[in-house]
Amino acid sequence: MHTASASWPLRGIIPPMITPLLDNDTLDVTNLEKLIEYIIGGGVHGLFILGTTGELSSLSYSLRRELIHHTANLVNGRVPLLVGITDTALSESIQLAQTAAEGGAAAVVAAAPYYFNLSQVELIAYYQHLADQLPLPLLLYNMPSHTKIALEPATVHILAQHPNIIGVKDSSGNGVNFQHTQHLLRHQPEFTVLVGPDELTAEVVLLGAHGGINGGANLFPKLYVDMYEAATRRDVAALLPLQEQVLTVCSRLYRIGDTAASYIQGVKGALSLLGLCHNKLAWPLQPFSSKELASIQQYLAEIKVSV
Amino acid sequence: MHTASASWPLRGIIPPMITPLLDNDTLDVTNLEKLIEYIIGGGVHGLFILGTTGELSSLSYSLRRELIHHTANLVNGRVPLLVGITDTALSESIQLAQTAAEGGAAAVVAAAPYYFNLSQVELIAYYQHLADQLPLPLLLYNMPSHTKIALEPATVHILAQHPNIIGVKDSSGNGVNFQHTQHLLRHQPEFTVLVGPDELTAEVVLLGAHGGINGGANLFPKLYVDMYEAATRRDVAALLPLQEQVLTVCSRLYRIGDTAASYIQGVKGALSLLGLCHNKLAWPLQPFSSKELASIQQYLAEIKVSV
Amino acid sequence: MHTASASWPLRGIIPPMITPLLDNDTLDVTNLEKLIEYIIGGGVHGLFILGTTGELSSLSYSLRRELIHHTANLVNGRVPLLVGITDTALSESIQLAQTAAEGGAAAVVAAAPYYFNLSQVELIAYYQHLADQLPLPLLLYNMPSHTKIALEPATVHILAQHPNIIGVKDSSGNGVNFQHTQHLLRHQPEFTVLVGPDELTAEVVLLGAHGGINGGANLFPKLYVDMYEAATRRDVAALLPLQEQVLTVCSRLYRIGDTAASYIQGVKGALSLLGLCHNKLAWPLQPFSSKELASIQQYLAEIKVSV
Amino acid sequence: MHTASASWPLRGIIPPMITPLLDNDTLDVTNLEKLIEYIIGGGVHGLFILGTTGELSSLSYSLRRELIHHTANLVNGRVPLLVGITDTALSESIQLAQTAAEGGAAAVVAAAPYYFNLSQVELIAYYQHLADQLPLPLLLYNMPSHTKIALEPATVHILAQHPNIIGVKDSSGNGVNFQHTQHLLRHQPEFTVLVGPDELTAEVVLLGAHGGINGGANLFPKLYVDMYEAATRRDVAALLPLQEQVLTVCSRLYRIGDTAASYIQGVKGALSLLGLCHNKLAWPLQPFSSKELASIQQYLAEIKVSV
């Protein structure tokens, strides 16, 4: 097994991989391999497992560890591997990080602990304490829609002084705070700033962010890589049609039905139609029904024409 | 080891026990025994572990299991034991319930899974699926301040039709929904309705609720039992001074400092001053400092005079 | 025109009157008179106009003034009249209060200004400045579901020291804060504490609150007066069936359809069926359609049997 | 008096002007003239009064009308004038629009009515009804931080079909929804899409939005115009240092103190130091004290060097 030697800042498209499942608590190892090959084949710059798209909080710890082991072996150092260790219990986060380190991951990623309502001061203390004990560098993960706690720009700025905290993935969709975060970090060019929502990658990379952890790159890795590269070249004319295709993906596949998790249901449903996983989600989420899958089938056909 | 034979509805004061810790991930077994004897000695009608007051989400799974084993042995059937199995991963909740069943617990308690944003329809499906698989009866736990999802009265009413769902602990503080819940359940007298916030026990028991899972009963179990009994007798004249003492506890001990978890910090700080635990909290919460403990020391002295 | 000499604390059932309209901006003076006679005929202890139930924020200023004039003349001192002056513009609130004073109102009522996001410190400064300039005593109105700012118990306590602030109407439904507010004010027995939601009047009056500003008292004033009186007598046996009737009103009439304003739509729809107003709401709210009115018609028939 | 003939879409920098006050309810006509000359002198493409920055909700109606009259006369058709008519009462909004039309305004701007909690369906009905009756074209104003109701992209898209609704100002800071809104409107190039937060103008104009209604353009109009023009030329190299200066303005002047209105307090405080208004805010907001003004003084000096 090889370890990808990551250099900082991390750059590019790093898909937050879905977790292929056979049932609520059984990993689908066959499709895991197919999916990893498909994604890496699209030219992505890294892989992130156990994020929100990976249904981090719904998986048992034994399954999480199994996923880390298998993914590390399958990736085998071809791209940097990021592993989510988000948890409400500090000791479980640290154990997951140790598993990630044994597998050769490049870094771990942690959203705020999400049960108690913490102040920014408490968040800072928590992250510093966590980072002190981790065997790998830590990427902060700002995900207030799910954790219900935002990492304020000033908080990220303070935490960026910790030697083991090497970046932030901002999935808030809050464009104002994203720009403030980048502004505060403008004198730390090695600190990685990545954006979560697919819709924002074009504009923030144009203005200097390092890349995107975008769910749609599970489905269309090459499209996202092309968009990223046009943005890094500041080629707005080439970027606009690529960004429009990405927005078509988002508006077609992420907003079906009326559940808050329609994004995850949509990505997993679409991947199942592409033969890259089963249409299984872990509780408490439920997969799309055949009716919604029929819509996805149609949208996929439309999108493929344009992509 | 004996099992308390619980009868339904559960009635009375069932303290949500704090978890005595030696450090972030080590149970304080010595104080666990002292604390259990102290609480049961106050005449309470049950004991609830691994609730929010017990820092459920911050504890590793091995510590949770250890706590269940020790508590079950120490309680030894003297009062019904309720065990919190709240988790974001269904399979972990079920495993905790099995440990609880082996220990002779009377029921398990589950708040909504708290990462994804679920609709009421999704919550209903989740709880029904969970209850189907549990080896013990299930008490719903409405805790929107922490889970950020409320169990609506109509949801509780629907779930109350499930044969393995036997009650609800409502910690929302939402008096309107509490009354609606009771109203919807008025033809199911065996369905347990308990209230969380100490401040509400007097009024809701007066109007027919079955009791309270009140944090202050860790500290002053007899006061809460007396209040409960005055309310069940509908003796408002006797109830009012007891309710005032409870409000003094809440306003003195739960609202020190400016953290959202000041309630837990206050209860644990006060118990440490009574010699019933160490002043240790699990991450991400931090214990009160000596300055705040000094305030608690003074308030405890004042309260003891009146109690 | 006579002025009711109010004594403090205000006690009893003080209905928050709906505003009878002919269209978006025309007062229905004929039904205003019928409605006032109907409500006062039920034995209520006061009348409150221009609250949320009165669609305060949707009415033009000229209509608000017209309503104050007509209501004051029609009530003619038989019961204390409370007038809502809630506004985002201080100067408009003061002008409304002057109109209220000219009409002989007993007090004015103001929710927090509801556009800017104010801290408790800013709220305190605002209310003190407002109360300094008012020609009538001021009742605070805690209505966070609509203003999106809560008046914390400590804020009410501080404001209660102002000589011109004589009480609070708490419509938050937050039972914990209600008890804390009462506890903080226990040494100011002349400070009026009234509750908004119909569902809570029974329990808070039992424990010492002074009464309720309950929307259902537009429809069934005598029922609410009876409930209030049973609670003040601490006669729980008599209170429970009355409270159950009130909960039937609330669950039948306030929760039809899926709009957030279903309570107002329900009360006004039901009153229109009783011939006490037209089924007209001011924009941005819209009246229930004939389908929902048919449900109300049926529920009214059922409720009348039991009431 | 001349009227600027606006062409659609509106493009460029359209500052949301502060309202110069002598006291809570008195317009400062002298500084109004100075401020308008200063802003127009910076090359802006329009002027917007009675937005949030203009303290719309805090001003009496007579003052709002006075402001419209004076501003219309002073602008005198040199740039298109937009007038905020946001109100909770439909009839007051329409009256303000008539005043605006008489003054020769190019369009009116309305945020969602902000007391009742409206669904998207109710919002659509409201805006359609409003637009039907307005004497001027209507620009939607998405301001959920203050109205607590967001205009969803699909809602904007539906409303964009109304012949009298000609654009949207999105002040949500929600980058994801901004991109979705633009995507949905990609076949209506004449529909104006403007962004509120200063921090976002660079990136959204790069990707095709029409301009910004940015508060900092009260202070540094030329800087914002230069930034806008670099973005329309897609000259990222020129844009980046201008964007950095804008971010310096935002981070220095908008985030002093801990109030939610620090942005307005900061802009007005800074303008008072530039001699363009008094440091007076309308209730319920309060101006910065001399201590905070001293910080602003220092920041202004720093910024001026770089600008």
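Going by the order they are written in, the chains are A, B, C and D; count residues from 1 in each one.
The working rule: a residue touches a chain if its C-beta (ideal position, glycine included) is under 8 Å from a C-beta of that chain, and two chains touch if they have at least 3 such contacts.
Please read all numbers here as calculations on a predicted model, not as lab measurements.
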item: Partner chains shared by subunit B and subunit D (touch criterion as defined above); value: A, C
item: Centre distance in Å when subunit A and subunit B are each reduced to the mean of their C-alpha atoms; value: 36
item: Subunit A-subunit C separation of Cα centroids, rounded to whole Å; value: 50
item: Subunit B: positions in contact with at least two other chains; value: none
item: Touch-based graph of the chains, sorted into line, ring, star, complete or other; value: ring
item: Touching pairs - complete list by chain label; value: A-B, A-D, B-C, C-D
item: Contact set on subunit B toward subunit A in their complex; value: 24-25, 52, 56-61, 63, 88-92, 113-119, 122-123, 125-126, 129, 145-148, 258-261, 282-286
item: Residue numbers on subunit B that touch subunit C, as the complex places them; value: 173-180, 183-184, 186, 197, 199-200, 202-204, 206-208, 234, 236-237, 239-240, 243-244, 247-248, 250-251
